Amino acid sequence: MAEGSEHTAPSFPTSLGTSTSSTISLLGRDLAEELMGRVGFGELVLWMVTQRRPSPGRVRLFEACLVALADHGFTPTAIAARLTYLSAPDSLQGALAAGLLGGGSRFLGVTEDTGRFLAEVLKTREEQPATPAEWDDLALEVVTRERAARRIIPGLGHPVHKEGDPRTPALLRIAAEEELKGPHLHLFEAIGRTHEQVLGRRLVLNGAGVCGAALADLDLPPDLLRGFALLARAGGLLGQLAEERRRPMAMDTYLLVDRNATYTAPEDGDDDGLRD
Amino acid sequence: MAEGSEHTAPSFPTSLGTSTSSTISLLGRDLAEELMGRVGFGELVLWMVTQRRPSPGRVRLFEACLVALADHGFTPTAIAARLTYLSAPDSLQGALAAGLLGGGSRFLGVTEDTGRFLAEVLKTREEQPATPAEWDDLALEVVTRERAARRIIPGLGHPVHKEGDPRTPALLRIAAEEELKGPHLHLFEAIGRTHEQVLGRRLVLNGAGVCGAALADLDLPPDLLRGFALLARAGGLLGQLAEERRRPMAMDTYLLVDRNATYTAPEDGDDDGLRD
Amino acid sequence: MAEGSEHTAPSFPTSLGTSTSSTISLLGRDLAEELMGRVGFGELVLWMVTQRRPSPGRVRLFEACLVALADHGFTPTAIAARLTYLSAPDSLQGALAAGLLGGGSRFLGVTEDTGRFLAEVLKTREEQPATPAEWDDLALEVVTRERAARRIIPGLGHPVHKEGDPRTPALLRIAAEEELKGPHLHLFEAIGRTHEQVLGRRLVLNGAGVCGAALADLDLPPDLLRGFALLARAGGLLGQLAEERRRPMAMDTYLLVDRNATYTAPEDGDDDGLRD
Amino acid sequence: MAEGSEHTAPSFPTSLGTSTSSTISLLGRDLAEELMGRVGFGELVLWMVTQRRPSPGRVRLFEACLVALADHGFTPTAIAARLTYLSAPDSLQGALAAGLLGGGSRFLGVTEDTGRFLAEVLKTREEQPATPAEWDDLALEVVTRERAARRIIPGLGHPVHKEGDPRTPALLRIAAEEELKGPHLHLFEAIGRTHEQVLGRRLVLNGAGVCGAALADLDLPPDLLRGFALLARAGGLLGQLAEERRRPMAMDTYLLVDRNATYTAPEDGDDDGLRD
């Protein structure tokens, strides 16, 4: 950085981590004395994002969502992380990052899509419904509108758990126990009760979608909901990478593909007559 | 996948997530009934990696490490994540991954380097020291050997907290309270007590290094220790990205650099006389 | 991979790389004899993606786009790559990946957005316009429709080069020289000629947008256009990282932010009365 | 960025991209007039990294290396990129980054490892050997020393091409044609001629290793050599992702693994008697 002309120094305000030579603060608290050993990791993350210290009930619901989303076995993202670890075992951060990069629209997206969809419906209403019947009316209106626009409703249906996603009743029960059912969960439950009248068939509430509704009810910003699915998955990927060390499968997967590869010429020929 | 010849079907055993159309299991447990709402997120991660359900004391020490490592303010990784979010706000996973990719040897590496160093010392010993004096003897031997080889000891010293890293006594206290001080912490403390005799000056025990020793005492594999610093940082990065949404600084940082950029010709000329 | 039951072996056809113990093929050619030293890198990439060997003119236009997109100085993505290299110098792949992850909707997206927009307009037409006047008619129709829908037209306007993006005439000239102006460039030029009649002000054709039109005219799939901007940027990032080694600026950037960080309490207080 | 006190403005010198409202420069040249359409993409990258305009022969050798390294079919990195694209098709940059993150020590590392190894040998010599016989002497000395230290020589041997890597003679021929065989290639060739005397068996010169030697002879910094393998691979990955769109295999790979997954309890039990 070379010398330049005089000007006004920049200033970067933050409400997160700051430190001096003798102190480390986080969220305006003394990290060592007030947070370490006293605040759980999930609690800290929820606090950092919302800037309000969460109650124990909120932490329990939040961590239940993280537990629900942490690992689904040999997903494409888990396999991608293991293959990357096989290729570059010196860079654990690369394997973890590769696994998280699959956290996009298709395989990890339903949490955010559902929370965002519900939030968008709710913010168009001046007043929220007060009774289950009123929620059902709103849900019917929404499902009808989406069907007319030929759009699918995020979080409705599951490719495997067609008779019911076991995470759904568990999460709804926990939210009820902690008195944390808010408008997003109310609306999503109402969609679950009413959609059959419009769509003509019964679809399950996807557990990852219920997580999206629950996280939105915890005041987490809809545009960041995918981030919590990614945090959960970061934990799950550590489990996957630890297992890859104990019982490797990435090399087998690679060889299974590579040894069964066969060259196939492009259907319409492969050049413009330019082959020399 | 085209048809091929008969062969033996592959099989991929796992001890993590599995599911059927009506059940979802993780760690051989029913995810919805046995884990969600009953097991915390840190607890689950520790369980997945070690394949043993951790005691509450182990979870407390583990989460204290995660809390200690979650956020250090405007680190290069936090700034990189914010700049990436500025450039590609549609891909939160990319911003998070970019932030984690800085979790390498220099800024996030001390946790793993310390744990691995201590583990390597310990695995060369048939028997572990039994008393503080014996730990001091081992520590003196190790520090003397490393000094002779002109190698630095990971986790000894801190660029900012030269008078003491406040996380260090906090973590040692928590480990003692939970009766979880194991050989890695014993050896690291002994290095802290004895290195001055060999090196001629007093260095602090780096808090991130103490986390490495504590995580190794929790039976986490030394080669994966960086992963827990990354998990902690994933949580911290969500806090950074949430703040970037509330109070952006990435655009200012970019403009501060870009507006003060000046072209400078290479010192030794810039071509081979080939300029046309 | 444990033993399992008999089943049909999978088969993975490909038109790209295959090898035996004595040969390496790519695109059905002998890599060493037919490609290395005979085919340029840009030529190879274009061939791999389109599955047709490109003419020299196509290669020239393609590489002109890559050159146009390779480096724009201290962009957020270049700074993010340098910061990541500072943090994790042992993992060049991580620094490069971090830089590419900013290649999303905002800073690198205009190439893909423009190509895709033009392609979508064109695929709704059974017949393409044949004369400049007919292209102008189509352009006017499209601009009018987008304005009515309050949508902006991708590639129209530039935040810095308000009087003209110098890349635009250069690329149009190269496309003309190589007789490679196709429907995407024709339509984009017509939008450039006619939009002022509808929008009431003159906007420039963004050079990165012209690249998107040119790449689409080279038969590259609209959904992959971002990939070529990323390839170009991968080259540019190597230049940035080489410069970071010769003349570092990432540490200065980090310190400029970190030393000017100040803690600010959240506006609405920071807890729920739960502080212990 | 809030207001602060007066200070000296930072300055960020660069020899790469700069721009004003009416100009765009790269390498001190007018991008549109002097570079686009006149300079190839590989040429530009080589120029940016070395800060010297390369001769046509240097460009040919450089691009031959990129072509040699671009694609090796269904490698772990190609599969990881395809799986990531399957999961998050909205984020092409994520799929590309995931593929590059496997470019670490094991699968893509031989290029850098070889170049770096040769460079380290050469920098310990005040004077370079002048004749093939002198190169052989140096090679024998190096191979003997490495064998004594039980270290393997990077770039010697290939897991598949045991009788000869076809890329090796092709690259050596091109370097000779362009009169660009420098000390790294001379030393590597001499290692190829002499190692059998020391090791007692004949190993092939790995083509990716020869690329490392050739790139080092092009004055590229040894610590950045991996970067050129990554650039080549970025091009190859675009080919892989284009093929994934035409002829998908990622879903089949995922299902092949997931459908053959079976739960296996950890060998030593899975809890501490704490199951509730």
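Which chain is which? They are A, B, C and D, in the order written, and residues in each are numbered from 1.
Definition applied: a contact is a pair of C-beta atoms (placed from the backbone, for glycine too) under 8 Å apart; a residue touches a chain by one contact, two chains touch by 3 or more.
What you see is a predicted model; the values in this text were computed from it and never measured.
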{"item": "Superposition of chain A upon chain B: rotation angle, C-alpha, nearest 5 degrees", "value": "180"}
{"item": "Chain whose mean Cα position lies farthest from chain C", "value": "B"}
{"item": "Rounded Å distance between chain C and chain D, as computed from the means of their C-alpha atoms", "value": "22"}
{"item": "Rounded Å distance, chain B centre to chain C centre (Cα mean)", "value": "34"}
{"item": "Geometric centre distance via CA averages, chain C-chain A, whole Å", "value": "27"}
{"item": "Touching two or more other chains - residue numbers and ranges from chain A", "value": "1-2, 4, 9-15, 18, 73-74, 88, 90-91, 93-94, 97-98, 101-104, 108, 249, 252, 256-257, 260-262"}
{"item": "Residues of chain D touching chain C in the complex", "value": "2, 4, 10, 12-19, 21-24, 26, 30-33, 35-37, 39-42, 44-45, 48-50, 60, 63-64, 66-68, 70-74, 91-94, 96-98, 100-104, 108, 160-167, 169-171, 173-174, 177, 207, 221, 223-224, 226-228, 230-232, 234-236, 238-243, 245, 247, 249, 252, 256, 260, 262"}
{"item": "Complex contact set, residues of chain D against chain B", "value": "1, 9-15, 18, 25, 27-28, 38, 51-55, 88, 90-91, 93-94, 97, 101, 249, 252, 256-257, 260-266, 268-272, 274-276"}
{"item": "Chain A residues within the chain D interface of the complex", "value": "1-13, 73-77, 79-80, 83-84, 86-91, 94-95, 97-98, 101-109, 249-250, 253-254, 256-258, 261"}
